[in-house]
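Shared between the two complexes below is subunit A, which has subunit B as its partner in the first and subunit C in the second.
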Partner chain A sequence: MDQLQFLTWVRGPGLNLALLVFVLGVLWRLIEIYGLGRKTDLSAPRHVPGASGWATIARRSLPAPGLLKSSPVTYIGGYIFHVGLAVVVFLFAPHVALVDALVGVTWPALPSQVIDFATVVTMVAMVAVLVDRHVKWAKRFLSTFGDWFAWLLTFLPLLTGWLAVQHLLLPYTLMLALHILSVELLLVCLPFTKLFHAFTSFGSRWFNGTMNGHKGVPV
Partner chain B sequence: MTNAYDMGRRQSATVGDSLERQGITRRAFLQYCASIASLMALPAGAAEQLATALAKARRPSVIWLSFQECTGCTESLARAHNPSLESLIFDLISLDYHHTLQAASGEAAEAARDAAMKENAGKYLVVVDGSVPLGNPGYSTIAGIANIDVLRETARDAAAILAVGTCAAYGGLPAAQPNPTGAVAISTLIKDKPIVNIPGCPPIPNVMTGVIAHYLAFGALPELDGLGRPRAFYGETIHDRCYRRPFYDQGKFAETFDDEGARQGWCLFKLGCKGPVAYNACATAKWNGGVSFPIQSGHGCIGCSEPNFWDAGSLYSALSMPASPVTLGAAAAAAGAAAGVAVTFFNRRKKAAAKAGHETTTLDDLEK
Partner chain C sequence: MSASLDKGVRVLKEMIDAPIASYFSSCVHCGICAEACLFYTETSDPKFTPIHKVEPMRRIWQQEYTLLGRLAKLVGLAKPVTDEELGKWKELVYDSCTFCGRCSAVCPVGNDIVYMVRKMREGMSAAGHAPEGLKGAVTRTINIGSPMGVKLPAVKAQMKHVEADYGIPIPLDQEGAEYLVTLSSMEIINFPEYLGAIAKIMRHVGKTWTLSSEAFEATNAGMQIGNSDLARVIVARVVAGAEKLKVKTVISPECGHAYTALRWEGANLIGRPFTFKVQHIVEVLDEFRAAGLLKTEGMETDRLSFHDPCQLARRGGVIQPQRNLMKMVAKEFVEMPEAGYMNWCCGGGGGASSIEEGEYLRIEAFQVKKRQLDAVKPDRLVTACANCRIVLEEGLEHYKMNLPVVGLTETIAEHIPDPE
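For the complex of A and B:
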């Protein structure tokens, strides 16, 4: 298989396969998680300001008092790379064009230079949180293979995409194929790793907030 | 047995003699050599060397075997529009056996093959077009002899074999699913002789003559790629050398065969052009004496020089497009939902069973 055949495969059957596993996995896991259900709380609800599902979603998107000072890399690095990732994935013109070609939905994109800058900043932030995870003994102690693997799955598409656009290291055809392959790997693994928080984090926050709100506890 | 034909052949033993006898000018010969040299990406001075070497070369005996084929490869070679160029093939070689082109028929034809094999043992070239049926020897025979037997017998004392056309090189149309005759490529059957695959349906005339010219001039077969094709002609894809490539890079595609994009000559990728995966010289050597090639005529490349191209999906589906993302997505969603619901039922049953099996502990139990 040469470079072009490789690219053709990842753009065609490879992408089909990855999307298939992704859609199947996401629906499976969402239905499984929400299908578990909760016991009905028979106690009378207590109404306390700020104790609700929506309030918890908002509150937990911000650092808890004092934690920003004690773990600045986790918070600042985390914000930067999450926002950066969203910008790069959803506002890069070729990505918008791909979605348009696939499902016919389109939206405005950002200039390539802005995306280029965002990619570099995002990668730097990701490296910073990785180093922090390794250096802080408590974080390292709590880290499992899944954590390191999820980092790699997220980082590879950024790196290969940036190298492809910059025409660095490998021929463009091969680098582009590797970029698409890395995205496919991400799509396949996302439903079955901690990356699934992309679909569950707000739901679980809402659940926690609602349950505790019923008891009158703003969490 | 000596006849007038043999006499004539011996008298013009070298290519140069033969050309002179036929009244072909040195200018025409040099033009031919220059075109072959440029096609094979040889250095600028190579045309002269090629001409010198070719003129001195002895005309090799060539036995052309036609098996399960359509004669398109011969047509491609013989009906080339520029007789001063492609017809030289018949002056470069001594074509001693060829169904379509030889005057002799019946036993005389087979006798010509025997004679050529005996006289030139170890030195003659075998050109094969068409695939060989293994399902039943009776599917394809010549003078009552099964193709596989003719091939083995003729290949035994050959210097090299040129598998011309996609059928001989990779099985081609006869080998397309469900392959009713059990057709196979020449390289599947012959393992002990050098084989050059010159695929295409049909191959470009210049490429066929070019390989022979290379063999005569340099005394060796050209460098081959992983699929047994000469790198000089099959080293790059049609896409890489296509004059419509800039439109691909700009994302300008014809969506139908008669839209504005098609009229503007934009890239035919979305209409199923297989140029990106087809290794051949069509975009540079072109057809009909360099006039045009399929993409220039407004139709995408069908990838006819690639193995199994008949079975590689529709000729009109774009290469990169996911086969059917919406249908596939719906199927995946349905499968995912079904799996989720099934697991939910299983989980709930487990929970209910745990609840039913729960034993309460009373004060009496503790005081026992």
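For the complex of A and C:
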């Protein structure tokens, strides 16, 4: 298989396979988790404005009082790399074109210099949170192989994408193929790793918000 | 696998529901819950990171309820939960968790970690790994009627003393009274002024109330140890007493977890909604105030601060009423940093105060309370939980801080004018 054949495979059968595993995996995991259900709360509710699952989904995007100071890298690094990822994934012209080709939906993209900058900033933020995971006691203590692996899964598409656009290290065709392959790896693994929080954190916030909201506590 | 471990694992499996599965799936190991936990911040020991306290339950979830986990178990790659492991986890699930809920309030992905620890305790107690102190409290509650071994004659003796001291009759088993007043053992034994204060306030506002000979104890060690079967037996006594006397409202005493047990867990434990209302005494007093029934005279002139019991405020939704009441009687009311919703625990909630071997941890954890107090330097500290009060007094004594701790109800009662 030469470089072009490799690229053709990752763009065609590879992508289809990855998308299939991703979609089925996500559905399976959602059913596996939310299918367990929960008991109805029989205690008399207390109604307080802002105490609801939906409010908590929004509210938990902001740091709890005082914690920005104790976990600055987690919060600031976390914001930067999440927003950065969203910008790079959804607002880079070739990505927009890909979505258009796949499902026929399109939206305006950002200039490539902006994406370039966003990619570098995102990668720097990711390195910062990685270092923080190593130096911060509680974080390091909690860390398992899954945490380092999930980091790598997220970092590789950024790095290979950036290298491909910059024409660095490897021939463009090969680097682009590696970039797409790394995205496919991410798609396949996402439902079965901690990266699945991309879906469940909304459900978790909602449960916490609803169950405490029942008590009249806006959490 | 031993019989008790088998039972514990089975119970843990039964405990896992959609919220638990969602919480485990969402955790990204960011460690922010650690920064919210007084047992971590005051010891810097990472094993006290809240989400780590439910690690055995996470593995059971993974091995029983996820595709990959089940596959791993099938081919022998999963690490089973052992008796020894649960034994080691006792310190994490009981001694170093007070159900204070700060972790649940800060988790960025929204995990309610206290909800998880509460369920984890069900498995721990089924597996025989609950602390002796709590086991004793539950046994005494089931067999005698109260965690401190208080029986009805002791309550009656206390009633007599209070009647003599205050000159107000204490009603017992009065059918049709509006309020059923319940107590915590701590109030019966250590703080009889609570009952006197209630008598004085109820006479002042002109409300009918009663104690019950079968439902005087409001605390629930069954909930603290994590045994819903026993918690149900205990809460059912209050339900039976309230229904027999046909009261409209049951008043939970100055006790945080009794409020959670009655107000939020009670109906779920007995499996049907209550036919009566449950209110914490602080809510009732604030209602009297709002209705213009509660009229105090004079003010406390020293500097007062208020310690929010976790189960009342963060886990119970009662934050403003106590402040309204404080302002009625305190000329100088100062708030500690992070008071209210994010207040720091006394260190002994959720049954932790009855665990002897956890004392060193409580003393360590109290340093955060000390910092909060040092920041505003009150002359007296007011609270609305007899357990907080005892734990605070122990901590204050250890750190040689001269700060009296008083109950809010008695503080209010001192400002009730004598009848003409």
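As a convention for this text, the second predicted complex is superposed on the first by the 218 of 219 C-alpha atoms of A that agree within 3 Å, B and C clash if a C-alpha of one lies under 4 Å from a C-alpha of the other, contacts with A are read in each partner's own complex, and residues count from 1 in each chain.
The definition used in the following text is that contacts are C-beta pairs under 8 Å (C-beta built on N, C-alpha and C of every residue); 3 or more make two chains touch, one makes a residue touch a chain.
Model, not experiment: these values are computed from the prediction.
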Original post:
Will subunit C clash with subunit B on subunit A after the two structures are superposed, or do they fit?
Top reply: fit
Original post:
In the superposed arrangement, does subunit B or subunit C reach more residues of subunit A?
Top reply: C
**OP:** Using the superposed model, measure off the angle between the directions from the CA centre of subunit A to subunit B and to subunit C, in steps of 10°.
**Re:** 150
Subject >> Touching partner for A:102 - first (subunit B), second (subunit C), both, neither >> reply: first
Original post:
Touching A:11, do we find subunit B (first), subunit C (second), both, or neither?
Top reply: first
**OP:** Figure out whether A:43 sits in contact with subunit B (first) or subunit C (second), or with both, or with neither.
**Re:** second
Original post:
Given the touch rule stated above, what does A:28 touch, subunit B (first), subunit C (second), both, or neither?
Top reply: both
Original post:
Which holds for A:215: it touches subunit B only (first), subunit C only (second), both, or neither?
Top reply: second
**OP:** Go through the superposed model and pick first if A:19 touches only subunit B, second if only subunit C, both, or neither.
**Re:** first
**OP:** Tell me which partner A:60 touches in the superposition: subunit B (first), subunit C (second), both or neither.
**Re:** second
**OP:** Compute the least Cα distance separating subunit B from subunit C in the superposition and give it as a whole number of Å.
**Re:** 6
Original post:
In the superposed view, which residues of subunit A touch subunit B and also subunit C?
Top reply: 28-29, 32, 35-37
**OP:** Mind listing the subunit A positions that touch subunit B in their complex?
**Re:** 4-5, 7-8, 11-13, 15-16, 19-32, 35-37, 97, 102-103
Original post:
Residues of subunit B touching subunit A in their complex?
Top reply: 237, 239, 251, 276-277, 319-326, 328-329, 331-333, 335-337, 339-341, 343-344, 347-348
**OP:** Spell out the part of subunit A that touches subunit C in their complex, as residue ranges.
**Re:** 28-29, 32-39, 41-44, 46, 48, 51, 56-57, 60-61, 63-67, 70-71, 74, 78, 133, 136-144, 147, 192, 194, 196-197, 200-201, 203-209, 211-212, 215-217, 219
**OP:** Could you please specify the touching residues of subunit C with respect to subunit A in the complex?
**Re:** 16-23, 25-32, 34-36, 40, 44, 46-47, 49, 51-52, 65-68, 104-112, 115, 263-268, 271-274, 277-278, 314-317, 338, 341-342
